[in-house]
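What follows is a single structure, written as structure tokens, with notes after it.
Lettered A, B, C, D and E in written order, each chain numbered from 1.
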Amino acid sequence: MQGFLDIFDIYLLEAVVNGILLGGVLALLALGLNLIFGVIDVTWICYAELVMIGMYGMYYMVQVFGLPYWVAAPIAIMLVAALGALLHYIVIEPLLTAPPINQLLATGGVLFILQSFATVAFGIDFRNLGIRLPVLAIGDMHFSYSRLLAFVAALLGMLAVYFFMTRTYTGTAIRAISQDRQIMSLMGVDTRRIYLITSALGGALAGLAACLLVLQYDVHPFVGLSFGPITFLICVLGGLGNFVGGFLAAFVFAQIISLGGLFSDLEWGYVLAFAFFIVMMFIRPAGLLARRS
Amino acid sequence: MNFRNAAWATGLVGLVALPFVYREPYHLHILVLILIWSFAYTAWSIMGRFGLVSLGHGGFMGVGAYVTALLWNHLGVSPWIGIPVSMVAAGMLALVVAYPCFRFRITGHYFVLVTLALSGIVLQVITATRDYTGGSLGYTPNRAPSGKGLMALQFDDKTTWYLIALGIWVLGLLIWRWVDRSMSRYAMEAISEDEDAAAAAGVNVTAEKLKITLISALMTALAGALYCQYQMFISPDTVSGIAVSLQMVFAVIVGGLYVSLGPTVGAVITILLAEVLRIGFGTKAVGWDNLVYGLLLVIFIIFLPKGILGSILDRLKTQPKPSGMK
Amino acid sequence: MLTVEGLVKRFGGFTAVNNVSFRVEQGEILGLIGPNGSGKSTIFNMLSGTLIPTAGSILFNGAEIAGHAPHRIINGGIGRTFQIPRPFHRLSIFENVALAGYYGQGRHSRARADEAAERALAMVGLPTDRHASVDGLGAAGLKKLELAKALATGPKLLLADESLGGLDEHEMDQAADMLRKIRDELGITIIWVEHIMGVLMRVVDRVMVLDHGEKISEGLPSAVASDPRVIEVYLGTDADSSQAAAAEARRKAGV
Amino acid sequence: MLELKSLDAGYGTFQALFGINLDVKAGEAVGVIGPNGAGKTTLMRVISGLIRPVRGSITMEGHDVLATPAHRIVDLGIAHVPENRRLFPRLTVDDNLKMGAYMPGARAKYAERLEFVFDLFPRMKERRSQMAGTMSGGEQQMCAIGRALMSDPKLLLLDEPSAGLAPVVVQQVFELVKRIRASGLTVLIVEQNVQQVLKVVDRAYLLEAGSIRASGTSEEMMKTDTIKQAYLGV
Amino acid sequence: QEKKIKIGVIYDLTGPLAGGGSELQYIGAKIMLDQYAKTGVEGYKVEAVYADAQSKPDVAINEAVRLIEQEKVNMLLGFFSSAQCVPVAARVEQLKNFMWITTCISSAVLADKNFKYVFRPQASGDQFGMMTMDFIAQNSKEKLGKEPKDLRVAIIHEDGAYGVDVSKGNEAGAKKAGFNIVLKEGYSATAPDLSALVTKLKRARPDVVFHTGYNPDITLFGRQAREQGLKFAALVGHGAGYGVYEKLKEGLGADVNYVFNTDPISIWLANQKSMDSKLPPVIKMVGEEFDKAKPGVAIRSAHVGMAASNTYLFLTEVLPRAIKKYGGVDPDALRKAALETDIPEGGTMLGFGVKFHGEGTQMAGQNERSFPVVIQYVDDKSYVVWPKSQAQREAVLPLPKGTTFSNQ
């Protein structure tokens, strides 16, 4: 009994809090993908690679060109936004009427391109911004400011996107576009423009994630592999296009990884998270927050 | 005997004869790999062509390869028994995941991601149980004592492997054709368009989907086991996981999803392309091979959305057929 | 042949079908009418197994079929059409129907399937050419295809959902004749959902009216057409359609 | 107001409309009737820019419609209620209506238009936050018409508004058409329900196999044998 | 016919391993091969064919087969990752070619395989693990003030071939030294989060953390350890990521001070006094060439020298003997020449001697005289602190008070 109670120590609390902070990071990553994949129903398998490019952008601006972080960040966001728009314009648009699997394949090709572009252009070295933010200590528990920052950004980003999507005309049009593309022009909507706006916005969110991730992670051409799959799972677990659900799902995933890692080996934490996803798909296929029909 | 069958027969005879006249070992090696992967890709396409886009096939392949090798190394079970066992294991895994999917109508994106999680799990489990599987260091089947090669399904001779791979590849095509000509194809086409309407035509939707999934998973596991026996080495990254699953999707779509030789063409093109680009660029222009590879993938898919073979056949079909051919 | 008792279907908090009971006799054509969203298609969906009833029983030839999988019910002899045609575009017209012939009859035989397909196509007047594409069919053709698919499953009971919607007058008459022919020649019992009263009333033996998921009226066409409640919620007071319907029903009753 | 001249249109290699000449004057209600597959829907689609014609011209109050990008045609005052309603099923009624007022010109008048639509269809006000896809067929039809009205159009194109609706609702829909007209809108309506539609329109065109077979006032049209012939395919 | 030896060289130039050190190894080997391509060896031209394994085992296999069967190379040289060495060694043995491994330290590559044609002059992974444990054990009482049995140690590692192998050596060494192992755990090098691991470490309160990993995960671990307030007396790394000081410094900043690293010695740190006198000029040459290839690197990585030294060893010892004594460069001649190598300590740039375990032994093909060294990074310089014979200064142990991780 004593042994059992032993697990309820300060470290458990720390793991829970760290899970929440990791959740912030994952939620931030899932935000843009949810917009693209969940709302306009376009598959960007290379989403995490856009984040990678953004991280390189930050690295070069801050480390190589010596720009202050706060100046570099908006530029990086715009850079990735432009990349997102470009991706849409060149790759997705010709495939809008093709089966989704073709989009998956084409953006998979882009994934290769971005990875090897990074290899060719930036080299295979691991790069690091070298900015170390202070640490927040409460008793024996310590928390990362950079994660706190990511958490806050994810929260604000989620709210901003949510209100944008529900309150504005453009947001409503973005939500409508996947439901009936042809009829949009009858509403006076220029579908190409909506797609470009959404792609740029999705890219900008990827850029935002990049700015905050670069504070915590090394950049290298393959950094996307750490985040890609799990981001997709989060979008689905939260319910496609459901921003609040996606936010929540990120935390659930992060908790499983964090607590699973605390009680067992780190690796089994991931097995658990994947298995949890599969089971949840059977129980709540429409997402965590969906009412059962 | 019509023209098509004659062409097939000649082609096949030519392929069987090939290793006896052409003996460049490295090229044979690549050919064997192409044949084994073609078989795996064909297996994937049997599901994929009906809209069941699975990213779990890396998992099935991993199970096929690892179960066979583990049984041989730890229990001394011959692959002749081990392979069927591994196929059954992969089949059961497929059923366990697919049955609820089909029952609860998990389709489209959701199905893709559930199966993606599955291959993620298989990869992680192989890595985490490294005391048995060697983890990411990979795993090597024990060498059979000399003279026991047949029993252990281990051959040093490339020609033997070539013929085995060729046989399996033909088997894959035959299964593809069998499915294509069966009523199951109609049923699956119907299901992929509209499950309710298919059910209203009397189709047992869940059972038909499971059947196709099972066939596909069994074939994939067989491919994994053979890959292991041929390479005498497997590692989580080469036979399991999301990357392998994606590789299957790429090859099949590039080749052509709806034609029997599409996956084969896809295998030939993707494998040769990767080899040629890597060797071509060599160490002079590091990283460029994948850049070009990705670029070509994107171009293929934008300009030949039905895959290379599929698009070529389409084009031939719209042209008037020369007379005398049927 | 069909006995439905206390059928209920809820979607979340919403009750689409509320405690509906009715019987269908061998060889009759029962008309099922009611306002949009009154639960007609939902009842069809439950009879054909597409939806699982929340409560109630469905006895078909004495056997309980409520909640059975659709393919079992189809094999057992209930065929259905969909309100909005749902053809399989990747199959030819013939293959569409042959599929239903193969799986729908329970016994999987290719020869029987082809034969059933040919018969069904001939019955509805579609070409039996094996390669004709579905995409060439207009609205009327698609409705016919729906019927042919249902017929190929060899039903004893046919559930026809709005077979006339979107058809022009000429084609409507053709379709109505076809339903009657199906009953008369093949001896298939039919439940028919339709909004075009002029045609429906001419063909059916009996009518049942739903409103908000509940049965509000049932009986001979003439009686139902003059039921004030039916007029209020469904037929409308001063329109041609109800007058035509009533006239049609009277004429029929008179015959 | 709207004028079509020798218009040819189709899908790919398939030609669906042959040399159509048609005009609608301000304040009029004009019907287009014809058997299945005659090309009625195609005609509506060409006017609202969903498909581009091969030949011919379309002018709306002197503006060249064909020179206008599809998504700007609404700005010319043309609103289209498409066949089968085509609502955004997973948007609420409110959001669907909002989409109708997407054009900057309409946004400014959003509140006013909304009131107008709710006035016309009180049912829509009750169902504001319901997902459009879950409403009954008649309700969806109202929503579709309401959505088109949100753009404050001068010309309303209605494609088979009564299809699949219960008789009582069909009556309501035709009532609606009358009321919409009364509010000063011009209406071009396609209907299968010939008897009914001829009662609400001033003039009608009979379309058959892609060509205009007959036209005239509704009284004239009611008499012509051409209609019978067209439908019977004689 | 022209006399020449054709050498197939395989390293990872792309993919995650490239940045993990494989590219540096490639540069080291290439410097040496280029040098001898100019002069030739005993009248034989030296021709190298390079290939990129792309950090993937299947590509490594394909390239090995291609080089042997297509390019008809006389031997293979190189290999960074053990996951590639294992299958390739088996292939080479089967094809009766010759393989000279410059890196791939996993014991599993050779253990119980009884290869005839595969040789590794390099120390093996468990030697790494054992060496560091030995180092700590010898210092436990004196510097950490604890009996070995009271010393709490944690072993963490990335779960790839390299990390697993070293950790096995760590574990064996710790058991031998009688340490109290409070945690041993692997994690994926691509894991996006290690905070759970850090929390577990905090709970386990180790005195010494033994870590094996690549750069991204080391950085992540270092940052999360700092952010979560992990404290210990020493952090001991084992090659790979810990061998690339530039990246460590970039990722960890000042926290990299006093970190230990176990690796074959960097040739620039090796004790040149006790070394064969013909070697220092070679070391200088390698340094100059490296600076040309990669200008502006503060501490030249041990990876470069490792490959350079091992390649040099082959070109100056094994190859001449094979040609002179056994009449050529066929695999059997190379093999016999390799087996006869007998170099005393100090005979290589890496400080150690060379003598291969012979056929029939458990580690056939492994250099029995190789050993890694423990170095410590102090103020952007690295010093060998162990073994005593190579040590340049006393180890700073435990972490001085006031440093981020210090538990003093």
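As a convention for this text, a contact is a pair of C-beta atoms (placed from the backbone, for glycine too) under 8 Å apart; a residue touches a chain by one contact, two chains touch by 3 or more.
Please read all numbers here as calculations on a predicted model, not as lab measurements.
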item	value
Required steps from chain D to chain E (each step between touching chains, minimum)	2
Each chain counted as touching chain B and chain D at once	A, C
Centroid-based (C-alpha) most distant chain relative to chain A	C
Comparison of A-E and B-C by number of C-beta pairs in contact, larger one	A-E
Longest centre-to-centre distance from chain D, chain (CA-based)	E
Mean-CA-position distance for chain D and chain C (Å)	30
Length of the line joining the C-alpha centres of chain B and chain E, rounded to whole Å	38
Euclidean distance of C-alpha centroids - chain A vs chain D, Å	44
Per-residue overlap in chain B, given as positions that touch at least 2 other chains	127-128, 286-287, 290
Chain D residues counted as touching two or more neighbouring chains	none
Chain A residues counted as touching two or more neighbouring chains	116, 119, 124, 265, 267, 270
Chain A contact footprint on chain D (complex, rising order)	48-50, 69-75, 79-80, 82, 86, 88-91, 95, 98-103, 106-107, 147-148, 151
Complex contact set, residues of chain D against chain C	34-37, 135-139, 160, 163-171, 192, 194-196, 231-233
Chain C residues touching chain D - in the complex, by the definition given at the top	33-37, 83, 138-140, 162, 165-171, 195, 197, 233-236, 238-242, 245
Touching residues on chain C, where the partner in the complex is chain B	48-50, 69-71, 74-75, 80, 82, 86-91, 95-96, 98-100, 102-106, 108, 110, 113, 149-150, 153
Residue ranges of chain B in contact with chain C within the complex	183, 186-187, 189-190, 192-194, 196-206
